[in-house]
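Each of the next two complexes has chain A plus one other chain: chain B in the first, chain C in the second.
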Partner chain A sequence: MPTDTAGVTASSATPPNLYGGLEGPDSMYLKLISSDGHEFVVRRDFAVIASPTIKNMLSGPGQYSESQPNEIYLKDIPSHVLINVCRYFAYKAKYTNSSIDIPEFPIDIQVVLELLVASDFLDC
Partner chain B sequence: MSNIVIVVQPSILPVSQLLREKCNSPDFLTNNIWKIAFSPCSQYLAIPKQDIDGQHCVLVVHCSDWHAKNVTESTMRIHNQFNCTAAIWSLAFGQRTSKSNLRIDRRPFDASTLSTPTVRRGSLDRRSSLPVVNRRYDFSKNLFLAAGLASGKIEIWNIDTGELILVLKDHQLTVCGLDFTSCTMQLASCSHDTTIKLWDLFDDGNMYKTLNEWTHAINTVKWSPDETILCAVGPYELVVLFNTTTWKELFRLDGHLHTVVDCAFSSDSAVLVTASYDTRVLMWSTTTGEILKGFAHKIPKPLKIYAGGDNGAFVRSVAITKSNQFLITACDDNKVRWFPLLSDQSSSMIYEQTEPNVLYVATTPDGNTMAVSNRNGEVHLFSTLSTLSMNQPSSLKCFCRSAINTYSGVKRKDLLNLPIMRPLINYVLYKDI
Partner chain C sequence: MDVFMMIRRQKLTLFIDTKETSSVLDVKKMIEGITKVPTNNMRLIIDSTKQAMDDDYQTLLDCGLTSATAKAYSPVLLYLCHRKNTGGNENDWEPIDVAELSPPPPLPDVFKTDDDKKDNIQLVS
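== the complex of A and B ==
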């Protein structure tokens, strides 16, 4: 059942066949938790395609094995950076193999350095 | 990370035939077209020609859609024909774009990150555009074309009304290079009389600075997109970068072996590419002044004695496509080549096409079209979209690098001292290319 900590959670009150959920190994969504406890729910396929690190965290053994709860705790990435990462996942999914003009991804000057470190960690 | 195969297939556009008919019409003589220019809105193309009476003129061609499939007379037409008093050596379009294009962020970062520089436009605005002063000319609204002539004059035409607005007379000899800044209507001109002059068009064309430290001509001047650096290239292997606020030399870049004829900046002003008669295009970092990569046009590399002399493969012009994907060059061995700019694998070309007697390559700012001019008085148009369709969005790391370089502005040297790991700093400085 969805946790009740601060942040956005995928509610399983919506019909499961419409939106998918957070349960099980084939869930449609994934929960990324920032270092300050903010939870971001993103599409699993977007995150896995964009970031090989997240893909390894989900499928690999050992300390990264969090495939069951579908939650990934990123202890080095604060929420103001992680929200930009999630926006990038959506941007990339939208414009991959697109025939229209791809606009530039806007990045705010305040977060750009931390976003660089996070993107280096996530390899995206 | 899997390698995406980049396929480059520039295809000739249907409007190219129409343009060729217009250029080759019996009204015009066949001349060497040394320079062509696209407007910032990508809809106008300026071509210098000479008509049947020997009168030098500039044709401004308007086309709302260079990629139109059904080409009719209304798709592309000659918008203006400006008659000039002498041979035209250089062209530049200028238009005042809105301020939102340049990021002016004067708020300081928090203590743990890079300190914000004052972007050059801030200091410029204080100096030149006092709003209470009455000005004779208003350059803030329309699109303007500046043409540099062999007599040393610079004629500035208003494209929308078609009239000659201003003639800037100060150079003694041919004005061979012109460049407008991207949004503040500053014009830099360089000439065979060994000087570089800077004109402020918001101040009625006031020439506020002359740089004359050389005893030889300067071939080309270019502003960096964030207007903090001015690059001048010339014979005797000269490549020099100036700080545009203090007008002191930032770097004198050594590495070429022959005259340097053309240069281009990447969109974040961090990378400069220069084209030279020594058959190479070199890529430099504007932060550290080092050579990042070289692109060869003659393989095997010519010996120094040929590189510095006649080798048959002078590189005449270079252009960078939008989002710094590719480098396009025009070389005297009749080939137009495409190189991947930021690929860390290779520096070999990925495409070449044969264009007899090619002289100059220009790309539209929106990245869709490329024009190539040659010695036969023709201009050919190609679509670059077929390459972009293989274009995937860049990685987030790449966007961050581009954003950091764009924001750093005048304080570019501070990039060396960022509070992040050394490999990441090298990435930001493009050192791992």
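== the complex of A and C ==
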């Protein structure tokens, strides 16, 4: 197989690797799993910057066991809410410290209440 | 400029962003890094046009994915299909199969109609 061993070697001297994976403590991506088993893969840096809860889950001293496989089970958040959360992570990462006009983040009214609960949990 | 994509297959959704000048192959390699499926066994289909992105060397711009249509808060939806390994036919792809998201709960009455809003304001004050 091609040698795109992204993230497998912990101290890779390769330039910023576009083809990041899910392995290792410095993986480019994280997998967030909703209560109904849907898996959402997001950029690690987007999630960690937006949500202190996720950041703590990953860097806690073994208190949360999500640190190794880079998978976080969010058993209180259903998929239709988590998909909005992931969109928000990208939105926040893109428009934080931005000089251009920031467009409004559209939210479907039906998910608003549950999204509020999720954002309280994730602290973002 | 950045293009934000939501790539879905069954119960997996990948939120991937890249430049609009990246090629289709670049995106497939990013997916390979996450799913460990070889790029030649994956097929990406644009939801809005139902067109498959089969030319690996086209850029996302060529495929119609621009930073204006694929925003961070409104990523463009692509479907991912794997090649069925039937041994014989090279062009045997899975059908597009994406699991439905959970249904939202029914709206509470306070959200229902605009007429009710006036009453709510009085309650708050």
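Criterion: the second predicted complex is superposed on the first by the 105 of 124 C-alpha atoms of A that agree within 3 Å, B and C clash if a C-alpha of one lies under 4 Å from a C-alpha of the other, contacts with A are read in each partner's own complex, and residues count from 1 in each chain.
Everything that follows uses one rule, which is that a residue touches a chain if its C-beta (ideal position, glycine included) is under 8 Å from a C-beta of that chain, and two chains touch if they have at least 3 such contacts.
Bear in mind that the values here come from a model prediction, so they are computed numbers and not experimental data.
Of the two partner chains, chain C is the only one that A:43 touches; chain B does not reach it. Judged by the touch definition given at the top, the superposed model places A:78 against chain C, while chain B stays out of reach. Contacts of A:88 after superposition on the shared chain: both chain B and chain C are touched. Within the superposed three-chain model, A:96 lies in touch with chain B and out of touch with chain C [touch as defined at top].
In the superposed model, A:22 lies in contact with chain C only, and not with chain B. A simple residue count on chain A separates chain B from chain C, and the partner touching more is C.
When the shared chain is aligned, chain B comes close enough to touch A:124, but chain C does not.
Of the two partner chains, chain B and chain C are each touched by A:110. In the superposed model, A:30 lies in contact with neither chain B nor chain C.
When both complexes are overlaid on chain A, the residue A:58 reaches neither chain B nor chain C. Comparing which residues of chain A touch chain B with which touch chain C, the overlap comprises 88, 91, 95, 105, 109-110, 112-114. Residues 50, 52, 85, 88, 91-92, 95-97, 99, 101-102, 104-105, 107, 109-110, 112-117, 119-120, 122-124 of chain A touch chain B in their complex. Residues 1, 103, 105, 109-110, 113-114, 116, 323, 366, 388-389, 391-397, 399-401, 403-404, 407, 418-421, 424, 427-428 of chain B touch chain A in their complex. Those residues of chain A lying in contact with chain C across their complex are 1, 4, 6-7, 18-22, 28-29, 34-43, 78-80, 83, 86-91, 93-95, 103, 105-106, 108-114. Of all residues in chain C, only 2, 4, 11-15, 17-18, 26, 29-30, 32-34, 36, 38, 71-75, 99, 101-105, 107-108, 111 touch chain A in the complex they form.
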